[in-house]
Amino acid sequence: MVTKLALLGAGRIGKVHARAIATDKRAKLVAVVDAMADAAQAIADSAGCKVSTIDAVIADPDIDGVIICTPTNTHADLIERFAKAGKAIFCEKPIDLDVERARACLEVVRQTGAKVMLGFNRRFDPHFRAVRKAIDEGKIGTVEMVTITSRDPGPPPAEYIKVSGGIFRDMTIHDFDMARFLLGEEIVQVFATGAVLVDKAIGELGDYDSASLILTTKSGRQAMISNSRRASYGYDQRIEVHGSLGSVSAENQRPVSIEIANKEGYTRPPLHDFFMTRYTEAYAAEISAFIDSVEKGAALSPSAEDGLIALQLADAALRSVREGKVVSLAG
Amino acid sequence: MVTKLALLGAGRIGKVHARAIATDKRAKLVAVVDAMADAAQAIADSAGCKVSTIDAVIADPDIDGVIICTPTNTHADLIERFAKAGKAIFCEKPIDLDVERARACLEVVRQTGAKVMLGFNRRFDPHFRAVRKAIDEGKIGTVEMVTITSRDPGPPPAEYIKVSGGIFRDMTIHDFDMARFLLGEEIVQVFATGAVLVDKAIGELGDYDSASLILTTKSGRQAMISNSRRASYGYDQRIEVHGSLGSVSAENQRPVSIEIANKEGYTRPPLHDFFMTRYTEAYAAEISAFIDSVEKGAALSPSAEDGLIALQLADAALRSVREGKVVSLAG
Amino acid sequence: MVTKLALLGAGRIGKVHARAIATDKRAKLVAVVDAMADAAQAIADSAGCKVSTIDAVIADPDIDGVIICTPTNTHADLIERFAKAGKAIFCEKPIDLDVERARACLEVVRQTGAKVMLGFNRRFDPHFRAVRKAIDEGKIGTVEMVTITSRDPGPPPAEYIKVSGGIFRDMTIHDFDMARFLLGEEIVQVFATGAVLVDKAIGELGDYDSASLILTTKSGRQAMISNSRRASYGYDQRIEVHGSLGSVSAENQRPVSIEIANKEGYTRPPLHDFFMTRYTEAYAAEISAFIDSVEKGAALSPSAEDGLIALQLADAALRSVREGKVVSLAG
Amino acid sequence: MVTKLALLGAGRIGKVHARAIATDKRAKLVAVVDAMADAAQAIADSAGCKVSTIDAVIADPDIDGVIICTPTNTHADLIERFAKAGKAIFCEKPIDLDVERARACLEVVRQTGAKVMLGFNRRFDPHFRAVRKAIDEGKIGTVEMVTITSRDPGPPPAEYIKVSGGIFRDMTIHDFDMARFLLGEEIVQVFATGAVLVDKAIGELGDYDSASLILTTKSGRQAMISNSRRASYGYDQRIEVHGSLGSVSAENQRPVSIEIANKEGYTRPPLHDFFMTRYTEAYAAEISAFIDSVEKGAALSPSAEDGLIALQLADAALRSVREGKVVSLAG
């Protein structure tokens, strides 16, 4: 039995997910929905499926699940509608920029018993997964300190910043989820600093472009996050976990790994230019995991609740910066 | 206009090429041929094309080119038949294990003016290509010394060795081509040592499992090749080019690049397990290059002649080991 | 004119400094003072100088400078006495565990116009110096974020902890100085978390063994420090500075840098076992810099004031942990 | 009982050895001999010993051993004279540029039962020693293939080349010894290519500046050596040993190991500039080993015979290049 999927949103990430479905024999893309008819048609042509509408997808009993890649402000509504329609749901992060809206959405998810997976793609990066596996296998003993370095190659345009929800909800949110994925305990306290060092335009919009954070768990485990909207050397994505018996780390990835030696020294090329090339394997693996869980009727992970918690951490971080104090999370 | 291709040989590498064609919008697989009906059918199903025969492919005017992945002893015959039929040809290396047979085949290729590309996939590895690009851009000045390390993870079964043509025609042949790709001058002299250090069964078949070679060009440029049929740490594939202004190298690749630190030290995982995972991108890129050249009517490279020269170098190496002397190649 | 020096304190670090003086032609050790007669005699024998007393050193007009390696609680007194005696002073960090005592000592230093250098040896590590040089040369543009990882191989005995002044005054103090060395702006705000994850005995003494800190400067530059009293893989000492044009980092050092590859992967040996082997070159270079400055009558750096500021940062960190809030430093 | 040593030759390497003796409590330099009175006096002053003559050293019953750092053409004569005088001898490589002269010298060594150690300093490099230790501990199983890369930063002046004995006796000789140190079997066959790619002046003197060699042992173990008189990126000194269970390698060393990342990529500084800085620890360790063996009356290693064998391999390599054939060594 092939799992039949509909794609909502035919933009850049929608194409990536369509391709992932195309290479997976267990699933088939049967419908594409997008306000931009051309974009929807292009994916439909390449996948050999039809262009459709949200209502039609909801009404179609043959469709098992949906992949939501629409703009952020539609996520919560769509999750609720498809939850009520009994479809399995994969939704890009975040659920919503507003915690209360996300919480309400989660309530619908709980009531309907819907299966929802949030697109925290980095959990599926083979290198980061291997870090987690090493932890699970006891290779480093008890986790004590997590260090996450996450820097974009360059600042986004002001238009993006305006609707992004700010650095913590847009960028750090991935690192909050990664910290939770690695710490093995819930975070109870957040401290964040934020500064405008890269682009004044970002500051004028009330946002930050450089941030440092410390997260702590109940037993005292600590995670440090370093964020910047600019890294001349490429998309900087590193994690390191220090434990009682040792340490495990995942270094940066680059598309080409030659080294040129001359009188200036030894030079390796810059890193990947951004997430589309850096996390290619992760995007494919998360869709594969979604298909796998839907096929088996298994629980989806990361869940909608994971999405809510990451959002709460982002809110806490913002409050920490604005109020200049440590913020505790309600247990 | 989509380039229509037929696949001859539905084995492991045939599947890889079929997948590469499937993801390339400029081409379409229209026929699959294999003595094993099931294997052919499986690829045909997945590609949405028909199972066919060699004769039918030859007779079909709509087919622009063929991908030959059949056993080595059929390569020369098939190249000749498709050359006469006016098809563009991609053929896995080698043309034949016998230089004279390969030479005769090349004669037919010349007479028919056929376009033939040999499957020296490593030329399309992104890291090795970047090495060559650095040379072409003058980053290391004049090439002086090339070092190639090429070790299989473990020895093949005796059945494989028997039909392989020996280590130089089977394994080193890739390194001969890579040396030529990087040296920028034709090789005029070959010295090789061969020993049986890994597996006595290989020696009993008259073959070697460990070899060191020095190749020299007319102006004195030198290439060193180190081959072994066993490397406990994975598929060892490295190149380094030293020139008048510097050096460029491509290190080994591994599927997962974490590092675990503990009281034993700092450990990174083993390398790729073999060529199918190590050269995934190279296989896709070579088929893409084939399609590109066929579409544009451009010359194919690496050519059938590149295939013949690599074979001649393999023969020279074998003679060098057997006679214990340096072997010069006819200019 | 050879600079004549006296050594106060003939313990482990005293021996290191005596050796550094012995290999420097510009200076000569002429007196050693220690309550332990045997220890003093051993160094005196090897240096070819006499065992002496503090009073005698003060009274000797031929002695240009002193190296103070006595227990911490004697530093401030000795600095004051030698300052009044007009000797150039090199003193191991810290000036005192108590900020007020240190401040009073500094007042004497100012009044006497004495030249005092504090033993923040890491500033003289060739790798860290090269990081600073790269910054000074504009290689990374404006400094934005500093990351310091500093982990001891294992927790010290309870006896040491008792007199250490706690992790911030004993261990992090080096990192505070390094952060200042690299940030290029004074730190105005400190946030620290502290936990007992390594050794309960440390917690029972009211100290912490694991700490994460964020330091910020007026313009928003950020430094993150990660401290642990345990690292199974050796003495973990790394710095990284991210700026507007790039990043510069100094990785860990190891005494032997081979790599063994086998079916388990690729393994390099553990790091240096602790500061005596890790910072060998730094210890020699700081004494050389002291001799150099004394000879030339130049200002000494890092200064007593640098010592005081590091101590104030340590106090701020402790307050931050204890009160669970951000601590601002008086401008 | 302190071992009393005399130094013959007060040049660059003589100074290095004098310094090594000065830091070793078990030995004392008591005499320095050099035709250049100033050079001898400088070392004597710094070591606190006297300037002397060869005859006086021979006649002095208090002197236990000599360190010979005089020009190559005096080595054999001095070894013979000090051997007859019953002194322990450390002599820089080579014994002589002429194999017959070296053989005759060795005969005197044998007859007198003198203890002679040859200055193959690289055996004492901590990284290379760790490679050998890993082999001895069985970490890589049976040794199969050794790869040595050895490149000078730049070509020496013509005056040096003239008296050097050529690249194989001057430069490769260290690699021959290293190959023997690592192979664990005697070399029975040598193949070498030589070319002039770097400096025509070297070719005009009948020498080569670029060479590739393959050495084989009786059981088929293989060593490859790559030599060049130029490497823009510094003094290139690497070894790698591949065995039945794995591989062990020692990478290049650099004085400063920072990394700068910017839009051009990730750059580490060049390597050490030459042997004086690259092999600092090795020089100290070899003198320490000499002192240790003399003190204990133990056999010296590497021995004069090791020196002779390396020279024979150099001669075989030269013959191989000149005659264009493989050269077998008399068992």
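Structural remarks
A, B, C and D are the chain letters, set down in written order, and residue numbers restart from 1 in every chain.
By definition in this document, a contact is a pair of C-beta atoms (placed from the backbone, for glycine too) under 8 Å apart; a residue touches a chain by one contact, two chains touch by 3 or more.
Computed from a predicted model, the values in this text were never measured in an experiment.
Here A-B and A-C are compared, and the pair linked by more C-beta contacts is A-C.
At the far end from subunit C, in terms of centres built from Cα atoms, lies B. We define each chain's centre as the mean of its Cα atoms; on that basis subunit B and subunit C are separated by 57 Å. Separating the centre of subunit A from that of subunit C, both taken as means of CA atoms, is a distance of 42 Å.
Residue numbers of subunit D whose C-beta contacts span two or more other chains: 231-233, 245-247, 261-263, 269.
Within the complex formed with subunit C, the subunit D residues making contact are 23, 25, 46, 126-127, 130-131, 134, 139-140, 245-251, 253, 255-263, 269. For subunit A in complex with subunit C, the touching residues are 142, 144-145, 147, 149, 151, 189, 191, 193, 195-198, 210-214, 216, 219-222, 224, 226, 228, 230-233, 236, 242, 244-247, 324-326. Across the complex, subunit C meets subunit B through its residues 232-233, 261-270.
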